[in-house]
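We call the chains A, B, C and D, going by the order they appear; numbering starts again at 1 in every chain.
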Amino acid sequence: MKKGIKVVSIGGGSSYTPELMEGFIKRYSELPIKEIWLVDIEDGKEKLEIVGNFAKRMWKAAGYPVEVHLTLNRREALKDADFVTTQFRVGLLYARIKDERIPLSYGMIGQETNGAGGMFKAFRTIPVIKQIVDDMRELCPEAWLINFTNPSGMITETVIRKLGWKKCIGLCNVPVISIKKEPATIGTTSDKLHYRYAGINHFHWHRVFDENGTEVTQKLIEHINDADGGTPKNIYQAKFSLDLLKTTGVLPCGYHRYYYMKNEMLGHLMDDFNRHETRAESVKEVEDKLFEMYKNPELKTKPPELEKRGGTYYSDAACECISAIYNNKRQMMVVNTENNGAIPCLPNDTIVEISALISAQGAEPLAWGEMKPHERGWLQVMKAMEECTIEAALSGDYGAVLEAFNINPLVENGDDAIKVLHELFVAHEKYLPQFADLIKSLKAAGVYPKDETVRELLAQGK
Amino acid sequence: MKKGIKVVSIGGGSSYTPELMEGFIKRYSELPIKEIWLVDIEDGKEKLEIVGNFAKRMWKAAGYPVEVHLTLNRREALKDADFVTTQFRVGLLYARIKDERIPLSYGMIGQETNGAGGMFKAFRTIPVIKQIVDDMRELCPEAWLINFTNPSGMITETVIRKLGWKKCIGLCNVPVISIKKEPATIGTTSDKLHYRYAGINHFHWHRVFDENGTEVTQKLIEHINDADGGTPKNIYQAKFSLDLLKTTGVLPCGYHRYYYMKNEMLGHLMDDFNRHETRAESVKEVEDKLFEMYKNPELKTKPPELEKRGGTYYSDAACECISAIYNNKRQMMVVNTENNGAIPCLPNDTIVEISALISAQGAEPLAWGEMKPHERGWLQVMKAMEECTIEAALSGDYGAVLEAFNINPLVENGDDAIKVLHELFVAHEKYLPQFADLIKSLKAAGVYPKDETVRELLAQGK
Amino acid sequence: MKKGIKVVSIGGGSSYTPELMEGFIKRYSELPIKEIWLVDIEDGKEKLEIVGNFAKRMWKAAGYPVEVHLTLNRREALKDADFVTTQFRVGLLYARIKDERIPLSYGMIGQETNGAGGMFKAFRTIPVIKQIVDDMRELCPEAWLINFTNPSGMITETVIRKLGWKKCIGLCNVPVISIKKEPATIGTTSDKLHYRYAGINHFHWHRVFDENGTEVTQKLIEHINDADGGTPKNIYQAKFSLDLLKTTGVLPCGYHRYYYMKNEMLGHLMDDFNRHETRAESVKEVEDKLFEMYKNPELKTKPPELEKRGGTYYSDAACECISAIYNNKRQMMVVNTENNGAIPCLPNDTIVEISALISAQGAEPLAWGEMKPHERGWLQVMKAMEECTIEAALSGDYGAVLEAFNINPLVENGDDAIKVLHELFVAHEKYLPQFADLIKSLKAAGVYPKDETVRELLAQGK
Amino acid sequence: MKKGIKVVSIGGGSSYTPELMEGFIKRYSELPIKEIWLVDIEDGKEKLEIVGNFAKRMWKAAGYPVEVHLTLNRREALKDADFVTTQFRVGLLYARIKDERIPLSYGMIGQETNGAGGMFKAFRTIPVIKQIVDDMRELCPEAWLINFTNPSGMITETVIRKLGWKKCIGLCNVPVISIKKEPATIGTTSDKLHYRYAGINHFHWHRVFDENGTEVTQKLIEHINDADGGTPKNIYQAKFSLDLLKTTGVLPCGYHRYYYMKNEMLGHLMDDFNRHETRAESVKEVEDKLFEMYKNPELKTKPPELEKRGGTYYSDAACECISAIYNNKRQMMVVNTENNGAIPCLPNDTIVEISALISAQGAEPLAWGEMKPHERGWLQVMKAMEECTIEAALSGDYGAVLEAFNINPLVENGDDAIKVLHELFVAHEKYLPQFADLIKSLKAAGVYPKDETVRELLAQGK
């Protein structure tokens, strides 16, 4: 492959960028990057400056001749790019605060990736990813799009299936975390184990085998509730039922807690809500601190505090994936890619999160085979929710939104769910052009978020 | 076909039996029954006497030479039967009271067919239907089994798919009601419309066409919330969102209210619970009155009060189905039968509730084709719930029970769900031999229903 | 439905038209036709005059006030049509002679519906049906298209799936013949039997049940080789292996002989070829005689000689189908329509030939369920052949043609197959505009049919 | 994994055994074998002695302390085996001569793996593999079965799907050959290319990508007819149509010639037949020479002449596969294993030949995704042929045999096919216990092979 790679990172002002830089720095010998373009929008200009300058310091300290460009001009950046990473958050963390607090203000889990909040994140993000792909088609038609903007599965499905951009891989850090942490619970290390994942983003299961080919899934199930059992720390660690898991025979991901132990999770989230410590608010605080650190001209390496941010390993996975493509590694990773029959109970052309080989021609999923009814049913309803959400995001149709809400297991169907829905529309008005008329009529009817925190954000124009 | 049909009705002491008798009486000219055997168990002996004698009076008044036999000996009855109907309720209405009240005592919908209650109804019924099929294999190997014991879909699936008895059709009155009532909402009659149903028991959708082949589904959707819109009266009439339904393009059944407007339904059920007017309790009252009436030696025709019972049209549908088989009618009915590809998003060999032609060789479903994601996802998760429930009922495995509970959309997963589960086990101990050890250990651990009404029933040995 | 139906018959100069007229005459009381437009092209003008005038005499003799219009202006005819029947043959019987003789001149079965000949019939017909549908979209957007131009399945698939015209039903007389003839072989009549068909056009199987629901398929298999066993007379009656059929458990159609007993069929066809009695040539002779008869101004009813023509019952089936739609009959017929899961081993959106209910909204197939490997494999390869053929016909791509030829079980792959292919292209040049460049280059390379009969036809400009 | 591996090779007297020994010798450092048991039957005793002693010399010359045991007692050998390879040929090469000559004596391709001959090879082999698996269940329940007895796909399907022995992988040398030879045709080497295969044994396609992820399949298609284009040399190199292959977009395997250019292949085979140089006869001659060489006590390494044998690379692939399992290599190989959705147009539980990762837990296929109609149709009919063949082999049912023959594209259906079938039964009587009654009646009816060579073999009791 050509020397002198050009990488473009949309949402370059993200607090994750230093991890991304670190990932590229430690792989420089195998991944000879020439230019990195950090792109952001007007609203993110200040953060872009801070993090961008920090990035420049990191590369300088590393001693590699990589140019780091900061720009608000996405088209300029995309020109002739080789790899484009997307790590942007439409509406910044303020939007996530609304995604989480509005549902909780009605006693409903918001869940910023697969719940009501996650659906609105999709509604906000999909119009933007469409613009990005349109630009890429014109400016860098051979580039790979490595997405780690959430909801990663739905964004990847939009890019590949709806927009027809096949050179796209979606990433998530959840599988990375379990592969890194879980083995210690049974006294081994990940290099001695073989991991197989299947499902969709934030809703997948895995099976694990040791060096002799013996399945150790049941042993790992025994330890899933251990203090450091491999599920992401940003999720409250409600205990899984071992009786249930032993019968299913597969390890769930951390996000399954919202479904398998919904009420415990809701209780915990309500406490957070009341203490103004929803995940979004906590992350906001962490981020503010991170940006303060990033400003420090002496800081030249990724600070350990970033790990608290929740998205740890995400950016490293992106670097790993880029390197696997560039170097044609045939490396096993867990990614969002086309199903192609790997999970036979889902459509062939849908996007799944699955163990796949990553090489120059992209991701090749390993066939998982039939799922048992319990996993099959859950997975099928969640995939249908994703399809309805994407359809609604693209069409701007209210009935389609209702379908998506109605089928989402985290939405408690009823009058309150409709209130939550309407308040979310009003709260996110700025980022939902496809729903402009609907929102106008909701506002005319007096719909307005009841949560004080959200009201304040809106009053501040956020 | 042979003259002189022998019909056996298991659960003959049911309050529905008079409707069944009426159905046979009005079809006598086309369905020449010779013997009717009403079978019940020791606990139902008194009711069997009452309703059996009433049945005899009905036939006598009708003037047809049909022998009505009352027996507690099922094997004697089954010998050489042509048609066996199953309309029994293991544990009588007392069991249904427990099914409904125990979940509600934790603020959870019990729903005696597809909710936690329905799962326990399956757990109680499946061991009995297995015995019946074993007897039939020996005593009447050519007989048709017409099931209208709930949960009708799961029982039919057990009979056909698990026990391998192919000559079985499952019935439900829900489609019958909409076909009878709905047309008036758009000023027409059912004979002028063509109904197409697909889904599973108590979870199906339909589309309707007029005499010109024009689809009138959207017109009917407009009227679904009308006072007499065609959904069963025994379900609280929470309003459907027309915006949602118009987008789906299909008419839901009444039971969809528990899913599409879960919170409104729960609110209403909690009121009923607090007033001791759960559906089970109301039905118990209606039934007691009915049996008082049935005792009246002057009563010779089905009293109109029976319609309040909730199961109206059920028995008539059974008679219609039997006649369609006997007379090889190729008549369109909505029944539970093997999918065979009719709903492609479900396995071929699973049981679905669907428009089918009924003739001498059984039910032949009409192909429905692909479902859109919203219906597909809901249907697939509900079917998986049925499969898990049947598996649990047959295996007596606790992990399998947890799978079934966990995937059921009406079960609110969490600690309370487990309490509900355990209390239901203890409350139904008498009828759950396959779970004997589990229940023993639960009792040893002090599990006992907290609801006073249930405690009283248990104290009375019910 | 409206009174005063307008029926348009494309290919109105066909020798079948009198059967179509007879079918409409005998159904006049239920199907109140006002106008019949017989449409043909310049080359068929003389036949149109003859048969059109005969049609007028038939209606006059019947005493019904139906206007019969003869025209070469298809667009004038289509305006506001209610039903359009297509029974045209591009290139007349001369084309069929080429379809059959060219393959046989290389010792290969031509088979004018599913063999090399049938593929060329599809290549010639598909461009024309596309024009017809384009006209209908503009001139009669609510009309039903009842196709009985062969290859009926591929034409129907093109109309419904490729051109998106959903109001289309394809017909074939093969199932009609077996339903009419077969029952006598076991001493019963068709009204006492229940027929279930599944497969594709000229490649389907059926199962049969008696009035008691007992399957009589095996009994019918015993008699399939009887003198009048229900398979079309225009196919040489090579004997089926009863051992094979008993194991398959399904009754094949007459056209299965070309596959199950290929060599016997080829031997017989070679004899015909050498005697200049290929089916096409025989039919040509029969037709010439028929048209002589039709000229007779005294002839006012369909002459019995028409039955020899081979297509008997085709037109009657079309009338029956139109009446079933118009009168919303919910009548069981065997038609070509969308699969919708009825045959699960084929795609949902493909066209199958299957037992279906015909009513005002069209055809609703009955679910057949899984096929055993023997039928499944045959059916899947034949359906793939159809798909490749349609793709080739629409794209005009030579590689696509090779795919279609290569996968066709009646084509003997090798150099001779390519010669047959090339000669067919040259022989049909006039009717294959989509392959114009290819044919030009073949001719430049000196390709020319070697069969004398075909050469004569070409010399005559036919 | 444990040290001191025990390998058992059923059919140890095979001429391939030296390649197997060589494969183990060169991998000794990674695959520490302790014992090799070469097992054969009484009829193969002499060959076993020759090749076994040669094997001992090979190991001695290599200087590794591996015990080589020769035995006719399979059960003794299997005790505590770690890996069992099956490379036996029921009926020796005499049987293959019959498989090829009997069909050719009627002008029909015999093809010893997928044609009429291959079906009889399956009929002979399946009863034996069943006995082997029965023994393994008792004597070495943890062993892996590495099968390279043909028809490799059908034997693997029998072992995994029918006998339920999951630890089985089937091998074939055809993909190995193309990976080794093909790259040179476009001036590159296999380590620079990424190969993806999908299909079934001797009927698969592949796509190839270069180091930049660019597909080079079309470039390779251009060279498929090159002198050393990567298809097995034991198959006559009839030329593929590049127009066809370019449209399919996939590279066929060498065996596709029997289907895509059937007539050329048949012509060539008839020449071989007439010259007594059928593949079986040539191989017999090569083998005889090989065994002469093997007798030479000075010979201590695999002689280059073995490569002419046709099965080259087979044994090496077996060693590679065993090492990949033992060392948990996650190595990409093309193997016969469970589909699990990898090829969505085939059943999930069927056996396919596909690119898979081989590691300690076995083979994990890479998902291929949907096939286009041309490949899909061919593959589905061939898979159905395999299923029918296995069913016939296990059941011994004549109707099932007819189904298998009837659906096989290499069998020319008709009277001659039945004669071929019957002669094959009689010729192989000794090895077809499941068809004993059938064969008895055929012989009683005077059925006897007409080919002189076959008659001679039978006269000699072979």
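As a convention for this text, contacts are C-beta pairs under 8 Å (C-beta built on N, C-alpha and C of every residue); 3 or more make two chains touch, one makes a residue touch a chain.
These figures come from a predicted structure and were not determined experimentally.
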For subunit C, the least number of touch steps when starting out from subunit A: 2
Label of the chain whose CA centroid is most distant from the centroid of subunit C: A
Distance between the centres, which are taken as Cα means, of subunit D and subunit A, whole angstrom: 47
Chain centre separation (subunit A, subunit B; CA means) in Å: 44
Where subunit D touches two or more other chains at once, by residue number: none
Parts of subunit D lying in touch with subunit C, wherever the complex brings them together: 241, 243-244, 246-248, 259-264, 266, 373-374, 376-378, 380-385, 387-388, 391, 397-400, 402-403, 406-407, 409, 412-418
Touch list for subunit A against partner subunit D, complex: 1, 194, 196, 209-215, 325, 328, 330, 332, 338-344, 348, 357, 359-362, 364-370
